[in-house]
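Take a look at the structures listed below.
Two complexes are shown next, each including chain A; its partner changes from chain B in the first to chain C in the second.
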Partner chain A sequence: MTITTLDPSSSSAAARQMPSALTVISFLLVGLWLVIAAFPFLWTVWGSFKVQADFFSKADWTNALRGTNTIAETGSAFTLRGYEGAWVQEEFWRAALNSCIVVFFTVVISLTFGTLGGYALARSGKQYAFWLLMAALVFRAMPHITLVSGYLLPFFEWNVWGILPTTIIVLVAINQPFTLWMLHSFFLNIPKDMDESAMVDGCTRFQAFRHVIIPVMWPGVITTGLFSFLLAYNDFAVTSMLLSEKNETMIPAIASFLGTTQVEGNVMFAVAAVVSATAPLFVLIMFFQRQIVSGLTAGAVKG
Partner chain B sequence: MAEIQLRNVCKRWGGFVGVDDFDLRIADREFLVLLGPSGCGKTTTMRMIAGLEDPSDGEIWIGDRKVNQLEPKDRDVAMVFQSYALYPNLNVYENIRFPLKVRGVDPSTHDEKVRRASAMVELDEFLHRRPAELSGGQRQRVALARAIVREPNVFLMDEPLSNLDAKLRVSTRAQIKNLSHELKVTTIYVTHDQIEAMTLADRVVVMEKGVVQQVGSPTEIYDNPANTFVASFIGSPAMNLIEGEMAGGSFSAPRTRIEGLPAPSGKVTLGFRAEDARVVESGGQIEAPIYTLELLGDATMVTVRIGGALVSVRADKTFRAEIDDMVSIEVPPDHCHLFDGQTGQRIAA
Partner chain C sequence: MKNRTFFWFILPTLSAMVLFIALPIVSVFIQSLHIEHEQVLVVSESCGPFGCEQTTEVDLEASAALREAQPLGRFNGFATYTNRAHLAFDEIAEAWRTTEDTGAFLRRVFDLPFYKALTFTLTYTAVVTPLVLVLGLAVAVGVNNLPKLLKGPTIFVSLLPFLVTPLVGSLILFWMVDGDGIIGATLQRLTGDPSLSLKASPTLTWIMLMTYGVWHTLPFSFIVFYAGLQTVPRDTLEAAKIDGASKWQSMRYVTVPHLVPLLTFVSLMLLMDNFRVFEPIVSFQSQAHATSLSWIIFNDLRESGNPLYGSAGATSMMTILGVVILLTPVLIRTWRDFNRKAH
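Showing the complex of A and B:
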């Protein structure tokens, strides 16, 4: 008896000490991975406060670390010249504003259609619901550029090329199959009894959807909304082809900072703009972290 | 105050018949139980009354209104689902209040009504919990409270006890019986458990494969089953059924001969209940080796094999024997039920 009571305590004490070496190693590995994964971004952030002669130094790459030319040109090891050039001189804020408009409307429109459509498809039980989803999958698999190349000529002819609404419509079209699929599977996880109970309790179909189903669905809507956000925010193919220069969003604007064969660009403006465009994403993901995780795992665990 | 009438109601999905020609008048304040094995159409019938399913044919009347075209919310029914279907984002209080809120009942009366309903099902202490923090029995009672809070015309209960453990089922059953006595509302209750049907119902409808087999009070159904299906479904254990031949008022099957039965000759199925027969020293109408012996505490169940069928008899609790011992069973002819060998329908005595 005494042996059996002593045994687990000593073994659990050992269990607490034993993996300490293992813990150290795993922390080191995670730390190493973190550095490797974050390095390109950290390097860009660091470099965005230097001048081009340092960050893209042909003579010695360590100039980027020491900031030799930055000190020579500006008198300090860090400079805001890149940011000033991008935001003030090149009016990057216009691109940021355009991005906000495009992203906002793309997310709102695709979520509206996605929740309504996903709910209808999840509850219909008709054969064609399945085929609609299959069709959506095909459109999802299509390269984004096909939608652009096919419509470019009509857009010119109808005189709707270059403006934000056209781009928003095309981005919604690209995004919609995905939101439909994702929200459809979230709705499938909510038992039908819930709608029916609400309807017997006195709701119309739409009230049941709004008062009972959507509150349960929030994590799913947030997760899907975030993916839609990222698609619209990071899109290059559509925005670069469909927007005139003054309506450009951030990603094509960054690309144009790099210059073309005709125009000399300013690489440091691009670097500063990249950092400016990435920072909000971190804030966003951290803010919605809880909903995203519960949204991503909702399918696995019964609600 | 509502009488419910189902007039030749049918439900078909393509070629599959879910409910066939259901015709019944349910009196105001009646407690009606729809009983049958799974897939017999009992839940479909209830869902058609609730408006969650459209009948393919026939009419449904609640009170003096034909409700075929009405939305569920306009039928003034309340339903308790098997899965409870509580709203997980609302606490118990808000769950119970939900029907009042969506129906635009005067908000100043909400609190009183919710508290009265929750007191009826003894939930007062849990009003601020979320459904996830409740046990199965408590969730079940929230669903009940949500149904009674609005004082509807009709209660519909879809297997409300089947997700509870056996002990809780008995106490909740008693609670439902008491509630229905107190509320005096027309209630339709769906179950596959014949004990629930027997204990709760004013009238039972036994269904199989979408067809009504028998409608009657629990005693009628127990004492005079209309066919072999009802006989084999009602009672615990179910009625013993032996296939055999009638000739000259006497029934014969392997190891069995029962005389003095008023039935025409031909193939029949004979039925009797375990508690109506007796184990005797000798001279019974059935003589067979014991197949199995079960001690129930208050009685001993003796089972023999006749042809392909197992026949159980309730013997005294002190009765003891070994498997394969010969046993003699006396079956009083006036406790025998005779069913047609082909159709399974009862042969009128």
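Showing the complex of A and C:
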């Protein structure tokens, strides 16, 4: 819309002037939001290659950009000291490895359980299916830490506290309500006729699921899998309470870093660990942006 | 689907949820009715030339044996729920009797750990949720007006704060607002107060935590509203324009009504997530000024060497009750929808 003549007495011209002002405001708002969203990450990634005196520089914040103290201490503007300290000295690789194991098994088991259950709920239509979904909604809303307080005592008694399999099973269970809801609404979108015609042709329900539904379900499963991944990867409440120090995953490891390294003046170890733990998420968003967006909106659009 | 087939399909997920969600709730409830054993005391008498003296000692061995035999502790009924660390009936009654005006009374109440956490949790939920809804919608409208080329990268950047691990995201902000960090140091310079610390003042701590909350959850409402904007009927917008509606008016009377169903969904999700606010309190180490229900449970369980299962259990039960109350309107509505569809 281009308006070249300005006539203050014409109300329609004034009305058509509005968009440009609105557009400018919305551009500014988006710009501001992008800075707020991205700056903390850029700042921390850049700063993780500096020494503490630069990253936490009271005197002059540009020190962190130019690395004045980093040059003075190490001879170069970039240093890997933080990363070396975290990964080698504090053995962060152990935590990374544990995270890989926990996340991998949690995602695989959650999806297996979730697809079977979600499919059944989508095709049932009985009252009890509805009540199961409602129960799942309440479970989904419960803070995870409330459940953890129920686990500790029995797990200590049975001597299964502190090991990875226990944590994996717990994360799978905590993940189920969400996985069920998501896959349930996804299976609702696959026409009933597909599996039912297979059953008319003589397949059992499971065969119909195996040969008709499984080949077409992957987009939904991948989207759900991404969120299962995020839940397991980002978890702090469960992993910090249920894992022994030796079996810690990355997030509780970072939390316990804070206690130990702050005292020894090695905050940069924690900064490096934080950047290392964020990097995989960055890659994930880069490759799966579209699936993540569709997953976030799935629940909303489909009811 | 036949009941039998349904059963086999649902069995794995159902058993996982029953064993690790439903039963733990029962276990939490039972725990909340018990309390840690008292130490076993032995009184021994030692007699010397100047008479006998009684000394009381803790019998460590017997205490350990007792804990071993009854790990739950001793039965305590609902006393844990009403003690000082939770609903604190006695303390409130006492405060009511001794304080002059409502302000002083409320201050006394908010000093009690449970009420302190409850106040923060509710305030956080009540402030962050509407802010995120409004700002998310504004950003979504803004992005919708962007040239196509810029939309993808914008969404990419926006997703970062939402998907980043909450503990890590809040740490990143915490380091920036540290007295020596970039934001903290800049604020000190701007206000000319070198001792200004965002961590030292309760008000600033609350503002900091809520800013984190908005930063962390805004992308969610933005993405959902943005997706909703793509489905606004073009014809209606055109018609509104022809009828002389300004952009603002068509936004107000066409777009926003179209987004209302999404609003319910987004606010439900936000309420659930904000109510369990936990990680930022750990990261910001703000327990002196702001705690949340989740955090006090965590803290009870963390009591090194001697976790307070009973206390954690009582808080957990009350938190779960809070979640159910929060969800009741949604549950009732879904129930009505379901019945309407069924008949």
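Just so it is clear, the second predicted complex is superposed on the first by the 242 of 303 C-alpha atoms of A that agree within 3 Å, B and C clash if a C-alpha of one lies under 4 Å from a C-alpha of the other, contacts with A are read in each partner's own complex, and residues count from 1 in each chain.
One rule holds for everything that comes next: contacts are C-beta pairs under 8 Å (C-beta built on N, C-alpha and C of every residue); 3 or more make two chains touch, one makes a residue touch a chain.
Remember, it's a predicted structure, so these values are computed and weren't measured experimentally.
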Which holds for A:V172: it touches chain B only (first), chain C only (second), both, or neither? second
Residue contacts on chain A - larger count, chain B or chain C: C
If we overlay the two complexes on their shared chain A, which of chain B and chain C does A:E245 touch? Say first, second, both or neither. neither
Should A:I285 be classified as contacting the first partner (chain B), the second (chain C), both, or neither? second
Regarding the shared-chain residue A:L116, is it in contact with chain B (first), chain C (second), both, or neither? second
Which superposed partner A:D193 touches (first chain B, second chain C, both, neither): first
With the two complexes superposed on chain A, say which partner A:V212 touches: chain B (first), chain C (second), both, or neither. first
Applying the document's definition of touch, where does A:A38 land relative to chain B and chain C: first, second, both, or neither? second
Pick out the shared contact residues on chain A: the ones touching chain B in one complex and chain C in the other. none
If we count contacts the way the header does, which residues on chain B are in touch with chain A in the complex? 50-52, 71-73, 77-79, 81-83, 85, 87-89, 98-99, 102-103, 146, 150, 156
What residues of chain A sit close enough to touch chain C in their complex? 12, 15-16, 18-19, 22-23, 26-27, 29-30, 33-34, 36-38, 40-41, 43-44, 55-58, 61, 64, 112-114, 116-117, 119-121, 123-126, 129-130, 132, 134-154, 156-157, 169-170, 172-174, 176-177, 179-180, 205-206, 209, 230, 233-234, 236-237, 241, 251, 254-255, 258, 267, 270-271, 274, 277-278, 281-282, 284-286, 289, 292-293, 296-297, 299-301
Touching chain B in the complex, chain A uses residues 191, 193-194, 196-204, 207, 211-212, 215-216, 303
Taking the touch rule as given, give the residues of chain C at its contact with chain A in the complex, in rising order. 1-3, 5-6, 8-10, 12-14, 16-17, 19-21, 23-28, 31, 71-72, 135, 138-139, 141-143, 145-146, 152, 154-161, 163-169, 171-173, 175-176, 178-182, 185-186, 188, 215, 218-220, 223-224, 227-228, 231, 244, 246-248, 261-262, 265-266, 269, 272, 275-276, 278-279, 282, 293-294, 297-298, 300-301, 307, 309, 312-313, 316, 319-320, 323-324, 326-327, 330-331, 334-335, 338
